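Heads up, the next two complexes both have chain A, just with different partners, chain B and then chain C.
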Partner chain A sequence: MTTETTKETPEAAAVPPSGAAPAKKVPQGHRRLLTRRDRLTLGLMAGLPTILHIALVWVTALASIALAFTTWDGIGFDSIQWVGLQNFKELFEQNPQFWPAVQHNVIWFVVLIVIPTPLGLFLAVQLDKNIRFSRVYQTAFFLPVVMSMAVIGFVWQLIYNPDTGLINSIIGANEPGKYIDWIGDPDLNLWAILVAASWRHAGYMMILYLAGLKGVDPSLREASALDGASEWQTFKNVIFPTLRPTNTVVLVVTIIEALRAFDLVFVFNKGAEGTELLSILVTNNIIGESSRIGYGSAIAVVLLLISLVVIIPYLVATFRKERRA
Partner chain B sequence: MSTSVVTKVRTPIRPARILLHVFLAGAALAWLAPLLWALYSAMRPYAETSEKGYVSWPDTLNFDNFTNAFTQSDMSHYFVNTMIIAVPAVLVTLFLSSMVAFYVSRFDFRLNLALLLVFTAGNLLPQQVIITPLYRLYLLIDLPGITMSGKLYDSALGLVLIHVAFQSGFCAFVLSNYMRTLPHELTEAALVDGASVWRQYWQIVLPLCRPAMAALATLLSIWIYNDFFWALVLISTGENMPITSALNNLTGAYFTDPNLVAAGALLTAIPTLIVYFVLQRQFVSGLTLGANKG
Partner chain C sequence: MQHFTPSGLSLPSPSRRTLLRGIGGAAVLGAGVPLLSACGGSGTASDPKTVTLGSKASDPVPKKAFADIYAAYKKKSGITVDVNTKDSNTFQEQINSYLQGTPDDVFTWFAGYRMQFFAAKGLATPIDDVWKTIGGNFPEAMHKLSKGEDGKYYFVPLYTYPWAIFYRKSVFKEKGYEVPTKWDDFVALCKQMKKDGLVPIAFGDKDAWPALGTFDQINFRQNGYDFHVELMAGKASWTDAKVRKAFDTWAEILPYHQEGAVGRTWQDAAQTLAAKKAGMYLLGTFVAQQFTNKADLDDLDFFAFPEIDPAYGQDTVEAPTDGFMMSKSPKNKAEAVKLLQYLGTSDAEGIYLKSDPSVVHASTKADTSSYTPLQKKAYDMIAGAKSLTQFMDRDSRPDFTSTVMQPALQKFIRDPKGVDSLLASIERQKKTIFASG
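Right, the complex of A and B next:
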């Protein structure tokens, strides 16, 4: 792994390549050297991808916001009706699934950050000790990350199925009267899914932390060892503080994963009682029998607002560093 | 980097090390257990497991379920569908985002930072934020004769477009960071020599980005192959589905035979596992290149 892959990317960008003179800005004359044809080429090069991206991602995101204040059955444009905040009112006050969904999204995040994330860090620290078979262990932990969430859902159903699943078969709960319904019981199913989600997330976090640890200056470790610090003290006082950029990334990734969570739940039980999520509610308005576009958009707007609370500070911090470069 | 630790690598076997190995081997095995269980179930005939129960000693172990899943559910057809979507999507994403990255990182225009911000932020949004209007838009766009469905909806083209639009945000960000580390002298010399902007991009900058492009290509192939959500909403005909959402149908049809479903799920995962094992280094470096990815 090269150094620029091990660091957080914006930082790598902020460091000028060692060969180049420091802080050398592109000379102003650079732009004037461009011919008219060059300018046209550049315009097309940046313009076409931008149009595609903005049209499909940002225009639709803005359309979501606009539609959230309307009702629309999706048939023709003249049936679009402005209803102000009514969708939101209905959502907050009447929809029995909304607040559980918000709560489940929060639980999803808390579980991911409290269990698999420290576990991934712990595994990364162990694997970073330059031990034999490190790659084999690494692969074992990392394999779930490569697989589709949908496939993971199917694999875990083989474990949770009340009749034929591994757990119930082992504990003898796969007979009538003794059933533990991991998938159907609203008190259990979210936790059952979160085990599967954590299974995948830990491997992902492990890789991020391994990369972060490779970037830690080895002389820090040596100095700490010379000072007679124990392994734990070294980690707590020396290594962990230097992992700050990685921790930021891990936090952002985990929040976004929690907001995006969908596939696993959909495969599991389609977001039935106990596993409602905002993403599932939005999707149900499209592929379900009801086509309530304004209402679905209102849920999407809630999801958008929560995401922006994370995305904006992160981007501001990232790009501020970039501008200073 | 681990190089400095090399000096103390051949330490005599210490109890702590052995303990660590025992722990890691145990943990790794526990980690693989769900997959091994799926494999074990998939290799047993349904008749046997329904009689003896799933936790039992096997009489027969074979790959019949895999063959059946593959032939009965027409999996090869869905693999082809996935290829029709994933191959163009990966190539076009890399091509378009490298152009944006080139523009943003090699020139000093005023809009650069804002442009990159738009791309990066777009990629961080949850897909469900944009799906409702996108779905409507796809239904509105008529493409008679171009796609089988006559619309952007329910077509491979539609999926390719959304994958490209969505993933190019991430790739543009990563590639622009990468291109920024290339010395400016490289293109300045070419510029003075009268090389056009396109030649600077195509013949100088792009070849130097090969490592980053390879890493991104690996990552994108796996992500796009694994996509479940876009296909679920934007494809309605079973015929047109890519493999992961087709698997969902398979379980609908054969839900009474978990062994067959296990075989189908494992078959679906095989291509990504192959990509991972063959291109492990690219994959891992790609993930950490763009550690901001959700």
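Right, the complex of A and C next:
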């Protein structure tokens, strides 16, 4: 919103001179167009968000990059000590949770792209046909998206609880010998959580695709119907290609979801073995009574670098497209 | 996304300037961590009739019990205790920035390394003058627990509770089990219980800390209090043969633990004991909170963790102790001292215990006549101990226990065979953590 404010205001202020009327009333010319008050307002509207942005985004980001090369327990600034690359060395070589965490973030992304995204597209296509009770289905699938991730975590724990949970109670897997530990077993727990994450993500994707589908020109469908295309052919050759912008949004949203995955896992089992995530490692090291802020920052920097690897190509592609347009 | 509200334009200029100054200040502070300190501390100006107190007692039972103490104190002295209660997890997570910001005069905290850490950082005031008056109320072990590394007192204990092995009297009676005091008897009992179709030892480590307690018990029984303290302080090595032996001992009884521990909370594990599906459960006395049925609660009993090495017997008891500390520069120091002197009396403790009977007095002068049999036993166990430990995450650096030990022990529970590489990894990580700050 802030960037939009700064972009919009000069244009809004520049509208009057194009009309004929103000020219008469303000004979001094363009210089006096903005009164002191206007300039102050503009300055504040552009300045405040800029300062806030710099202070809360840039300064903190740069500070955590700087802190990644230090050790600091968070008590007093004089206890900050430079240690160079020590934190990263320790992270890459000694932390038994680091590489699993990187791997799990990647798995998170792949699973979200492969399972709930096509499912969301499928649901959107079905709902777009204006079938009966379409609103009801739409609400049902979208409901998980409205819920907070923490709540979803609690709900799914009731299902996965190995002793009293729904699944184990139904299939009788809560007895010794046949025991299935959905939450504790590192071979299972990540997938169990991903089911919950996909359950929510599918609804999210459905809404995005539904919006995209509503924007498809109906005449395209008519044209393909007149050409005698089957439903699948229409979708494959006509509708899906027009969803290209939506697909880009979906990809970006999914990457963001995979990198910021945190709340669900934190509620589920606090990132115990099998479900480690980078965001959880950052939190575990930074928040607490005697924190390792330097070390936690180093993990955050790794997360930032991974994000940049993903975001930079996207931005480059977007800007290139804009320049061409 | 576009909400152009006019309200932003009509801000009066002074507030705009202060806002800007505030933002500039925040920018200078950088990391954003100190910003949190704004959450702590009550803004009340120094009032000679008021002492401020930061409390982590946010659960209803302890909250009321504490409030009763402060009310009694006001009646007695005319001094108001202005309590600033925060959610206990939040309080613990923010303690760092809270103590650096504008903390309350007195705050609730834990004994042991966690107290010593903040004392050593200069974030607490030594209270030797308080201990001159209250010293006689406490046994020697509590004196030791309340001192910082510099030998000064920093802590006033209020209550404590032991860790032990809990069981149902009726189950033991029905099956003819006997309370084991020696390791071999304990293992034999586990075997027998398994044969009888019981889960010998209930276990839930989803929150990752209960396993720390099991390790503590085995380690100080096997290697003694002194080695345990050295290990917790980062001095002894985790690759020491003694540690390996402790893990081997643990591995011996691991098959008798409840399956799937990493996915189960301690509350759920306690329910298996309550339901008589499990025979024993190693936990703190707070396990009694899960016995909501009066008859079940009366049936609950416990025994000390069995002896492993006769050289150490059962002389060490794990007894986490909670109490109070004074912040680094209290606004009303004179009254804060008096309040702490009161909190160190058996009267204050008695008021607390009336509302929260799951714990016992830290003081030996306390009236124990209203104790339940369980409390009496807990009290005797602590009073008879040669040494008290606090619990791994209170006896060692919390950053080490939470980021290294908790995941490591969860891994061990699942895969006890990989212990050698696990211990080597713990030792490597320990070195870097203890080397910093």
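The working rule: the second predicted complex is superposed on the first by the 276 of 325 C-alpha atoms of A that agree within 3 Å, B and C clash if a C-alpha of one lies under 4 Å from a C-alpha of the other, contacts with A are read in each partner's own complex, and residues count from 1 in each chain.
As a convention for this text, a contact is a pair of C-beta atoms (placed from the backbone, for glycine too) under 8 Å apart; a residue touches a chain by one contact, two chains touch by 3 or more.
Since the model is a prediction, treat every value here as computed from it, not as a measurement.
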item: Dominant toucher of chain A (residue count), chain B or chain C; value: B
item: Contacts of A:Leu226 with chain B and chain C, given as first, second, both or neither; value: neither
item: First, second, both or neither for A:Leu52, with chain B first and chain C second; value: both
item: First, second, both or neither for A:Val155, with chain B first and chain C second; value: first
item: First (chain B), second (chain C), both or neither touched by A:Pro186; value: second
item: Partner chain in contact with A:Leu34 - chain B first, chain C second, else both or neither; value: first
item: Touched partner set for A:Asn284, first chain B, second chain C, both or neither; value: second
item: Contacts of A:Glu273 with chain B and chain C, given as first, second, both or neither; value: second
item: Which superposed partner A:Ile75 touches (first chain B, second chain C, both, neither); value: second
item: Overlap of chain C and chain B interfaces on chain A (superposed complexes); value: 1, 4-5, 8, 41, 45, 48, 52, 54-56, 59-60, 63-64, 67, 74, 161, 164, 285, 287, 293
item: Residues on chain C engaged by chain A in the complex (per definition of touch); value: 1-4, 8-9, 11, 16, 19-20, 23-24, 26-27, 30-33, 92-93, 95-97, 100, 114, 117, 121, 123, 199, 205-208, 259-264, 268, 271-272, 397-399, 402-403, 407-408, 410-411, 414, 425, 428-429, 432-433, 436-437
item: Residues of chain B touching chain A in the complex; value: 1-2, 4-6, 9, 17, 20-21, 23-25, 27-29, 31-32, 34-35, 37-38, 41, 49, 53-55, 96-97, 99-100, 102-104, 106-109, 113, 115-122, 124-137, 139, 161-162, 164-166, 168-169, 172-174, 176-178, 180-185, 188, 191-192, 196-198, 201, 211, 215, 222, 225-229, 232-233, 244-245, 247-248, 251, 258, 261-262, 264-266, 268-269, 272-273, 275-276, 280-281, 283-285, 287-294
item: Of chain A, residues touching chain C in the complex; value: 1, 4-5, 8, 41, 44-45, 48, 51-52, 54-56, 59-60, 63-64, 67, 71-76, 79, 81, 83, 86, 90, 94-97, 160-164, 176, 179-186, 189, 269-270, 272-273, 284-285, 287-294
